[in-house]
Amino acid sequence: MSLAEQKRIGKIAMLYVLDEGRQESVEELGWIHCSGKVGSMESNKIVAAIETAAKKNEVINGSVYRETHALYHAIMEALHGVTRGQVQLGTVLRTVGLRFTVVRGQPYEQPEEGEWIAVALYGTIGAPVKGLEHEAIGLGINHI
Amino acid sequence: MSLAEQKRIGKIAMLYVLDEGRQESVEELGWIHCSGKVGSMESNKIVAAIETAAKKNEVINGSVYRETHALYHAIMEALHGVTRGQVQLGTVLRTVGLRFTVVRGQPYEQPEEGEWIAVALYGTIGAPVKGLEHEAIGLGINHI
Amino acid sequence: MSLAEQKRIGKIAMLYVLDEGRQESVEELGWIHCSGKVGSMESNKIVAAIETAAKKNEVINGSVYRETHALYHAIMEALHGVTRGQVQLGTVLRTVGLRFTVVRGQPYEQPEEGEWIAVALYGTIGAPVKGLEHEAIGLGINHI
Amino acid sequence: MSLAEQKRIGKIAMLYVLDEGRQESVEELGWIHCSGKVGSMESNKIVAAIETAAKKNEVINGSVYRETHALYHAIMEALHGVTRGQVQLGTVLRTVGLRFTVVRGQPYEQPEEGEWIAVALYGTIGAPVKGLEHEAIGLGINHI
Amino acid sequence: MSLAEQKRIGKIAMLYVLDEGRQESVEELGWIHCSGKVGSMESNKIVAAIETAAKKNEVINGSVYRETHALYHAIMEALHGVTRGQVQLGTVLRTVGLRFTVVRGQPYEQPEEGEWIAVALYGTIGAPVKGLEHEAIGLGINHI
Amino acid sequence: MSLAEQKRIGKIAMLYVLDEGRQESVEELGWIHCSGKVGSMESNKIVAAIETAAKKNEVINGSVYRETHALYHAIMEALHGVTRGQVQLGTVLRTVGLRFTVVRGQPYEQPEEGEWIAVALYGTIGAPVKGLEHEAIGLGINHI
């Protein structure tokens, strides 16, 4: 059940979202992945942008609910790190500009642990005024 | 008020905690920093370990309350990313093994924005059984 | 102060909402009740639908604030069970289709414990796409 | 992706926990299940009791982390319904006496939706004094 | 259903807790009240101290559950104002020193609105070190 | 690091918002302050009204992000006291009518503790129907 040192899916997804040049490590492992950018005051648009990218890039199979369900909870968990308290943006007068990465792979040495999905977010959060913002990070991990 | 590209304190702190070799970028900027490890089921021990390291390494002045207050809220925000919902560990039967980094610097171009503090956490969270765990990440940022 | 075995208002309300044929047990007790259906991405519409039904069916007296207040908190508590973390629907890109039951009665053996109100919810929660959903349940109980 | 009418895992688990005579419907479907009782002011003991019962009765394979992970999140979601706000018991001076049911089965018509797990809780919550309590219910559902 | 201007129970309870000389306004109205002090890192001890004082001073009848239930929720709501996020103290390494006031009266002009209870808290919250603290306030109101 | 008895910024801000005649104590200390009223079902409008008043009255310098950041978190903490659980208004079908006070001063005896900001809120919360409401109070304090 132990996490394989070279397959730390969370760390890999986070390094990838922090520095777009890093996607090689994901590709060397043969893992499926996608990334993108989204900025909004509406938290539902953040969720939608990540779900759409993950389906379009076939990181998840959008016609199977269990895959959507696994991704959704990973996104929500990553948003907890970004919002730190209430998963709310515009309703508490703040906005985000985020880069996101979704990675799907086998981080455990045991094959029966199967596939997991990681959602990494990095960007800024703050008032809806350019520059009145600081950085924010989130990571969500789920079995899929 | 804009974040200076080379002084992204959150990204720097996160890269540092993900890969201990990275502390050069913090030192090149002349920023104060510390790092350490802590594993516990008791969330208060996580807070105490980070506060103690930050005071001992003079990242904050422990005899000035406003510095302790700034650090405390940054720690709590970082713990939201790690715990994703309830800032609880043992009381919901889970434990963490974390590496932490605290960085204090001037991430904004304007000198009047002054100093900020970033707390980055990386490690694993899971059941109190070796291996029954996945990765977790948190970042908290505050003005100091 | 003990709950009377045959007057378990929460269990009765939950069995009622799970299976509409069950309303006899409520009626045998002579308790006031109502039920209905509501589907929405807007959490305020869920609250409004239950409040409107309870007033129209005279489960509560809408012109007395203490009754509205008791019902409101019972609804909010039931929504915690349905939403499990953040009492949000559309803002986190999810929708519900719910059946609800409101029951008002005396569940305790001692007459001085007076009347209590139970709100039971049962239905599905998920993405705003037909079928991408699983079941959800909530129960809120308050003195009235 | 639609929920099969006769295989509503959440409703089945909830009816089962509300009325112990109902386990036939689970058995007719050939689904794995277990149930038990636990009372405590310590929320971690509630989690432990459910996990232990699920492993001992082979509802999950305790040596595979993904199964433990799926069950853990289903338990936490069910506890949200019981605690309605903060997943805390003794730390906010309250205690619970709960019956629990864990059911594992295939609630969707499409075979690719695979197995899901439902945790249903029913009992009382209140002050640590006999009788100063009302009922509480929770349901958590996860893919496994 | 309107709040009577001279009977604003929340304002009266808050002025009372902020300045102990103010209890005359409560007594002029003929309302039942009590006050006290409690300091602890254990949130359950805060709840217990307020409940005990309210019972001993007959602000509530401790042998009637509906009164205990009304008071409990008012205390929990007041603690939200003091803790601002997670109703936790020692588990997140902080402590409080609080003065509390409980007032029971009829704040509405209409007699059918009956009795309500207000719990007001005022004091300091901070690190478990003398002086590393700032003020905190909370108010909870419930029908009784 | 101790709070000076006559400079209790939280108590001063709360007494000020509870009774508009009290602003003398703030002025005697030479502290900057502002106050106003706002009523809305939209929580972002509450935040905006307070921020706008604080900037217009030069309680904070709106062109320095660290000041906006300090105020924002103080507002959010005050809203926790008002909303007691979820920082939501219209989305859970409730509205507020609030008076607010923002005070900026030096509450500690030691000059190195510098300036702090307090946001005090007082008013009513309830259903979007006149009279179906009770009082609510919140206080947020931050270093600035």
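Each chain gets a letter, A, B, C, D, E and F, in the order it is written, and its residues are counted from 1.
Keep in mind that, in the parts below, a residue touches a chain if its C-beta (ideal position, glycine included) is under 8 Å from a C-beta of that chain, and two chains touch if they have at least 3 such contacts.
From a predicted model like this one, the values you see are computed outputs, not experimental measurements.
Peer 1: Using the contact definition stated above, find the chains touching both chain C and chain D.
Peer 2: Both-contact set = A, E.
Peer 1: Moving only from a chain to one it touches, give the least number of moves from chain A to chain D.
Peer 2: 1
Peer 1: Sort the other chains by how far their Cα centres are from that of chain B and give me the top one.
Peer 2: C
Peer 1: State the superposition rotation angle between the two copies chain D and chain F, fitting on C-alpha atoms only and giving a multiple of 5 degrees from 0 to 180.
Peer 2: A turn of 180 degrees brings the C-alpha atoms of chain D onto chain F.
Peer 1: Looking at C-alpha means, what's the farthest chain from chain E?
Peer 2: A
Peer 1: Same or different: at the chain E/chain F interface, is the fraction of residue numbers used by both copies above or below half?
Peer 2: Same: when the shared numbers are divided by all numbers used, the fraction is over half.
Peer 1: Counting in whole Å, what is the centre-to-centre distance of chain B and chain D, each centre being its mean C-alpha position?
Peer 2: Centres of chain B and chain D (C-alpha means) sit 35 Å apart.
Peer 1: I'd like to verify one number: the distance from the centre of chain B to the centre of chain F, where each centre is the average of its C-alpha atoms, in whole angstrom.
Peer 2: Their C-alpha centroids are separated by 28 Å.
Peer 1: Using the touch rule from the top of the page, what residues of chain C touch 2 or more other chains?
Peer 2: 1, 65, 69, 85-86, 88, 91, 116, 131-134, in rising order.
Peer 1: Spell out all pairs of chains that touch, sorted by label.
Peer 2: Result for touching pairs of chains: A-B, A-C, A-D, A-F, B-D, B-E, B-F, C-D, C-E, C-F, D-E, E-F.
Peer 1: Under the stated contact criterion, what part of chain B meets chain E in this complex?
Peer 2: It is residues 42-44, 47-48, 51, 65, 68-69, 72, 76, 79, 86-88, 91 of chain B that touch chain E.
Peer 1: Please give the residue numbers of chain C that touch chain A in the complex, ascending.
Peer 2: It comes out as residues 85-86, 88, 90-94, 126-127, 131-134.
Peer 1: Under the stated contact criterion, what part of chain B meets chain A in this complex?
Peer 2: 1-3, 8-11, 14-15, 18-19, 76-77, 80-85, 107, 116, 118, 120, 122, 124, 130-141
Peer 1: Touching residues of chain A toward chain D in the complex: what are they?
Peer 2: 1, 63-66, 69-70, 73, 108, 110, 112-114, 116, 142-143
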